[in-house]
Amino acid sequence: MLYLKAEKLDAFLARAAETRKLYVPVDSEPGRSSYREWTPGTAVSRGLHTTRSAKDFFFPQTENLAGFRVEDKKIRVIDPRAETEDFAVFGVRACDARSFGILDKVFLADPVDTYYENRRRHGLILSMSCRRPAETCFCKNFGIDAAEPEGDVRFTDDGDGWYLEALTEAGKAFLDPLADLCEDRDPAGAEAAKEKTREIVDRLPLNDLPVGKFGGGKTKELFDRPEWAELSEACIGCGTCTFVCPTCQCYDIRDFDTGREIRRFRCWDSCMYSDFTKMAGGNPRLTQKERFRQRFMHKLVYFPENNGGEFGCVGCGRCLASCPIHMHIVKVMKRLGEDENEQ
Amino acid sequence: MRKIGVFVCHCGTNIAATVDVKAVAETLGREPSVVVSEDYPYMCSESGQNLIKDSIRDYGLDGIVICSCSPRMHENTFRKAAASAGLNPYMVEIANIREQCSWIHKDKAEATEKAILLGKAAIAKVLLNTPLIAGESGVVKRALVIGGGIAGIQTALDIAEAGFPVDIVEQKPTIGGKMAQLDKTFPTLDCSACILTPKMVDCAQNENIKIYSYSEIESVSGFVGNFTVKIRRKARYVDETKCTGCGLCTEKCPVKKVPNEFNLGLDNRRAVYIPFAQAVPKIAAIDADYCNMLKNGKCGLCSKVCTVGAIDYKQEDTFVEERYGAIVAATGYEIADVSRYGEYAYNQSKDVVTSLELERLMNAAGPTGGTLLRPSDGKHPHTIVFVQCVGSRCTPDKGKPYCSKICCMYTAKHAMLIREKYPDTEVYVFYIDVRTPGKNFDEFWRRAVEEFGVHYIKGAVGKISPRPDGTLDVQGSDLLMDEQLHISADLVVLAAAIEPSKTARSLATMLTASMDTNDFFTEAHPKLRPVESPTAGIFLSGVCQGPKDIPETVAQASACAAKVIGLLSKDKLKGNPCVAHSDEMMCNGCSNCANVCPYGAITYSDKEFRMPDRTTKTRRVAWVNPAVCQGCGACTVACPSGAMDLLGFSNSQIMAEVDALCR
Amino acid sequence: MRNKLVERAKELLADGTVTRVIGWKRGEFSYDVTPAVFETAEELEKDFVYDGFCGANVSKYLIRESAKEGKILAFLKPCDAFSFNQLLAEHRIRRENVYAVGIPCEGMADIGKIRSAGIDGVTGIREEGEEFVLSTLYGEERIAKKDALAERCLVCKSKRHPVYDELIGEEGEDLPDDARFEAVDKLEKMTAEERFQFWRGELSRCIRCNACRNVCPACTCENCVFDNPDSGLSQKAAADPFEESMYHIIRAFHVAGRCTDCGECSRVCPENIPLHLLNRKFIKDIDELYGAYRAGENAENKNPLVSFREEDAEPSVVHERGRA
Amino acid sequence: MNSETLIPHAVVVDEVRADTPDVKTFRILTREGGKPFDHIPGQCAMISVPGVGEGMFSITSSPTDEAYMEFSIKKCGHLTNWLHALEPGMEVTVRGPYGRPFPVEDELRGKDLLFIAGGIGLAPLRSVIRYVRDRRENYGDVQIVYGARSKEDLVDYEEILTEWMSAPGFTVNLTIDRAEEGWDGHVGFVPNYVTELNPDLAKTVLVCGPPIMIKFTVKGLSDLGFKPEQIYTTMELRMKCGVGKCGRCNIGSKYVCKDGPVFRFDELGELPDEY
Amino acid sequence: MQVNEQTGFVPTIVAFCCNWCSYAGADLSGTNRLQYPANVKIIRVPCSCRVNPMFILRAFGRGADGVILCGCHPGDCHYTTGNYYTRRRMTLLCSMLDYLGIERKRTRVEWVSAAEGAKFAKTMRSFAEEIAALGPNRRLEDLRVRKSEPEGRVPDAE
């Protein structure tokens, strides 16, 4: 099995960056990292999570959809897209790696979102096993193995370096030319590292969420639960949870007048925003309770209902860490999952 | 999408010489919403206006843009034209391509490009204009005149003659003002008091006029047609209803050394006094600063001698509140302080006097009974030097930048009168220029020089030094002869600058009327609206607006009255529809807007709102009184939520202009 | 202290003074408390917390809560009390529906600081003297309280409550302002280029999640200009660096003279942008140019941006300051 | 035209008809003439004025109208204000078609149809009505119950009078909310009128109108014995992308723009009450 | 037109002028044929206090290189007090822009009375010169508006 020693990482990334843009997590301050384009000398973060998820690479916060020029009172429509270049994202954890599959179910469903699809086709996922999960991690609940992330190439971290496995053809094509920077090692080492990860994961405090209480077909049971009022009471209606979430994909479409043309772009939107569903005729979700409920119902009921039981959450824990008032999916699941008798 | 018409004016060659008007019309015609774009030599002419009107009708235009001169010039013209063609007048925007384009640029390509941009900005704005309808408000048929000098008197009399009630508020115990202190008037040399006092009496006797003497304006609120004014009636310790003006008290009062302001302190009066013989109202007043009774409770003599029991030591200031449709500021002027000019030794010698003091010294009712005597020793002066432009026409740090206008003429008058009455007296006048533009003015001055032998010296006085012998050494230069002069004078008369009344500024603040840097009230338009303040319903009469002589003052006073009468004759007033308004659904009720509103146009109330989820919510929301709002827009910026916006200059309109101009 | 508050709240509920209590509710890991309204003694007993992690400012919730029937007991830290008072000045809260209890604050800890000290996997925290003892997935750790203190608390403006119906604990005092403006000072001393780079670096991380705005007790507009499609400014995401600057400048401007410097904006920012340094700049400028002023000090005070003095400095003072 | 892209196409407004004081019908053509794309009755399209916005509107012409495409649009906001100011010859953009149509070639075939509409709610049904009229042989009897606030608020009134009333097997019942001069037809609200008319239980119902009207009509129908499976409606809710991805038009797990806008009432019964 | 001779940069300048003083001052400089560069484009507002900081930022965002706000001299406001508020608002705004590292010279406030046509022209000349020397606004620009951005391709076969 290929093994990349930690001290060889720079050389590895340098080579990888010759053929495509390479994005790696970089510490912006202690305990906080974000993706940057790799350039020689970039120090790769060893932290667990980037503050924003890796969905940005495929579903950026803003993206131009179309342009319009009005010339002599005639409209000329312009496709603003340039050719997408190949790129790779390094250090994607198991939860984020799973999130791409969830986004695919939305954007690649008929009719295919060609903007997303285009990026997806050009993007390579270099995933990374977790060695030091946080207390906020709860991916295990959704059947995600932090030790064996999905992706094109899997990096299994043993503390000194990484065991590398190509999981897809694209991954193989990427990895083969880089094999000379690696050494060959017994896959048992990889297994040992994975076991170590699983050992920690098993000790995590949020492993036993009442997942069974949720899923497709539970709308009737959950929609009118009185607890929504108390759960949403403190919600300030910001979009933090949705914007750091690797699976949230709601967007808005807007026009911007650059002076020479009208540019139609889409941008992230949040179902938590008071004006999300506002329209000329009124707003069907008037209170924060309804908006709050929508977000969690979507992730825990509607999405699985439409997608073969898969939840719209990967348990990355970003919302737990960043919610201004610490009201998040775990508290929601726990509260709604409480046995009716206990109440 | 709206249908917009664009009309580009050549203004003869004023615009067309520098701006390719055809190109402007053609380019703007290609804008998406423009359905007609024309150019014409004179849009403001009747045929130009007809072109606009016809286009509005033919194309069913929703808005028009006129590329022409400044909106300050013809906005109203075009609005009226639009209205007569059935288009709301506020659907008109002007692109100023003359004052702000053709007149300031030379390069035709550049100017044309800019004109197009300005046109585009106006189109962007007019696309967001909304038809506005001016609100109406009633008119209180009563006028207030602040100041009882000749300006106020004339204005009040004219308004009263037209049948409207007028109140005069005068801070002194009598009306009459400065003119009452003058001896003779130029150029006719008739007696000032003789022509003024009958008018004062007319005021007192006119049923439509009410005089609040010894009174001040305390506060003003409201707006054109409907002002509410609080008047402070200062305690005069004499019951006006009882006092007959017999003057007995003023003779018996033991406090005799009170400087007599009517005679500018050149003699004394008593603590209880009637300012002068012909005072209107002829009612005594007690000077609380000097009266023994009021100061320490000892005396009471006047009360004892008063046969009608009019003295009332317990009197206090009282307040009157009255509503007015129009307010006239006629606050007049004061003599600027000349003691700051040490070189003229005004403080060092009693024989250096101001012209107004000279008036009193020459007046039959003055301290000397009309005989010209030196204040220091009561002797007849044989050499008199007049110094012109004292404090006028200076750099701002030295004095007033303006010309006080009346000094040249009154000095000629004084010189002439002295030479006539005392031919043994030599009179010298130091001047910078002699300014005599006025009917019979130059003739008058030439008579002083030619017939009366007054010595006019073009030059400045450098220093005046009192000599031990009581004369004054006047050191000056004669620019024409190019020599330094020393004149030994018995009396020096300073033609002191005149300045607006000290009370004018606080009054202007109350009236929300604007002032220039010299504290003269600003007129709404220096040429076309010279007797109106920019604040609607506030009018200007007399010197408070700028230096002027008596005939001019009276002319302005009557003009002002005509304007007031015009206003009071209306039953309803159309307001400016470009006012602020608050979107109740967005208003937070924070009061920021009310805090910055200079007119108190914004009030708050708790209002119940039906929410979309059928609950009700009580919220505190702002309301703008459109009749009070003047449309400055201060509130719109103070409002964080953007609930407050200004009609005619809305956030989106201004931003649309910004966008268009930055392209 | 927590027990004292619970006892008092129970009394006030019992005697009918109030019908509800707003405070903080226990979370999963000690540090993740949630502002909450409690209606019964049982709820209070079970979930009410007040400890070193109750940084959330509850004053803004009182806009909504005070509009409801019945009186609510609000536990206000000094920061919360300033915000509360400012909201009173802006007529946003019905005073008669709030029973304000001032409570002392020793400064609040910031889990972010604990994490950046290299302590991860924190599952529980207890206080031990001047230290926090943290149980983590990877063993027990300790950190001095002062090292865990939130930045805003290190430069605390006041331990005093400008308004309350009742105080629990000793009333504190205003603290000197010098330290509070140090960071602003430092920025002011940089060159324009350095300042630009600093702010571009910070603001470019903004994801326009609106947490700063939505948590801010001064941002209480019924409809924010940035949400209002008719304002011409509405934006969902900063599509351009300009829009990031625009949003933050205008937001700071809208709260200028009203911001009490409670620091919530920076606390909630998921990207840890020091947003309070924008507001604090305005506070500093206002103090320097228009005289010392503290929003929330007094419900009758007039915001310096809606008042003036004739002798106010000209805008060119900014240029002159730059030359000095 | 492909439906996968969010990039629209420019089309020309060929004709504008003012139906009521606040409803206008726009006939659009490509620059070359002809329809921008084909559709099935019940489907929608996104119309936009660049710089102003984009909105989802029912296609009110029928697929059998081969030369053009029409939209009836009520003035109710920023975008529709702009649209109402359009003049023939001006351009807008359009993309579509979107959504699940009425099952005109499946469940509805051979059935007796009852159309119930209120106000602008006639617009989405008009496409079906015209389709059924043009493919008369495929359907049974047609009854149309249509009501509006007043006579002048009746959309397509001319067409109803001249084309629908005379179509073979068509019955048209009109009603207005309040009596007015020059109206000798029925007066009253649609739900009550439907109950009064007591339609045959074998009919398949297509209903569209304001939510409150739909609610009471459906209740009336079910009181009469109609089953939810017999009733179809179409919804126009806060759609933005039109392709089931932007996340705002869902009712429970269903997206109106993709799984709708046509729903059968038994399907709606499964969804939470959030519309 | 004011041009930076070295770089060929032609600045865009927006001037907000209050209707009563500065706009009239601008008219007066026109009446007196006092030239100032054509880069300066004037927007008429009723009072300087109508100018929202949003407008100024908007101008920069849409491509302005300099923004100048002109009003009546303090104390001479047609609305009595409007420009006093303007003064505070603009002082703070300028200070904030400076704090963010945005060139402080790009934003200016000047008091120009209706009588100061010459001052208006002179102010505009000097401001335009200063902005031309400063170069294009890069620190507070909206990149989408930048004039040199490439176009996309046209999908419709047109």
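When the chains are written out, they are named A, B, C, D and E in that same order, and each has its own residue count from 1.
Assume a residue touches a chain if its C-beta (ideal position, glycine included) is under 8 Å from a C-beta of that chain, and two chains touch if they have at least 3 such contacts.
Just so you know, these numbers come straight off a predicted model, no measurement behind them.
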| item | value |
| --- | --- |
| Between B-E and B-C, the pair joined by more C-beta contacts | B-E |
| Chain closest to the middle [Cα centroid of all protein chains] | E |
| Chain separated most widely from chain B, comparing mean CA positions | A |
| Chain of greatest Cα-centre distance to chain E | D |
| Whole-Å gap between the CA centroids of chain A and chain D | 39 |
| Between chain D and chain B, distance of the C-alpha-averaged centres to the nearest whole Å | 68 |
| Geometric centre distance via CA averages, chain E-chain C, whole Å | 36 |
| Centroid spacing, where centroids are CA-atom means, of chain A and chain E in whole angstrom | 44 |
| Set of chain D residues in contact with two or more other chains | 7, 9-10, 78, 90 |
| Residues of chain A engaged with two or more neighbouring chains | 70, 73, 76-77, 79, 252, 256-257, 259-260, 269 |
| Numbers and ranges of chain B residues touching at least 2 other chains | 596, 638, 651, 655, 659, 662-663 |
| Chain C residues within the chain B interface of the complex | 67, 90-92, 220-225, 228, 230-232, 254-255, 302-303, 305-307 |
| Residues of chain A defined as touching chain B within the complex | 70, 72-73, 257, 259-260, 282-283, 286-287 |
| For the chain A and chain D complex, residues of the former touching the latter | 65-66, 68, 70, 73-77, 79, 106-107, 109-115, 216, 219-220, 223-224, 249-253, 255, 257, 262, 264, 266, 269, 271, 276-281, 284-285, 290, 294, 297-298, 301-303, 305-306 |
| Parts of chain E lying in touch with chain B, wherever the complex brings them together | 1, 12, 14, 19-20, 23-24, 26-27, 29-31, 33-36, 38, 41-47, 49-55, 58-59, 62-64, 72-73, 75-82, 85, 89, 113, 121, 145 |
| Complex contacts: residues of chain A adjacent to chain E | 64, 67, 76-82, 256, 258-260, 263 |
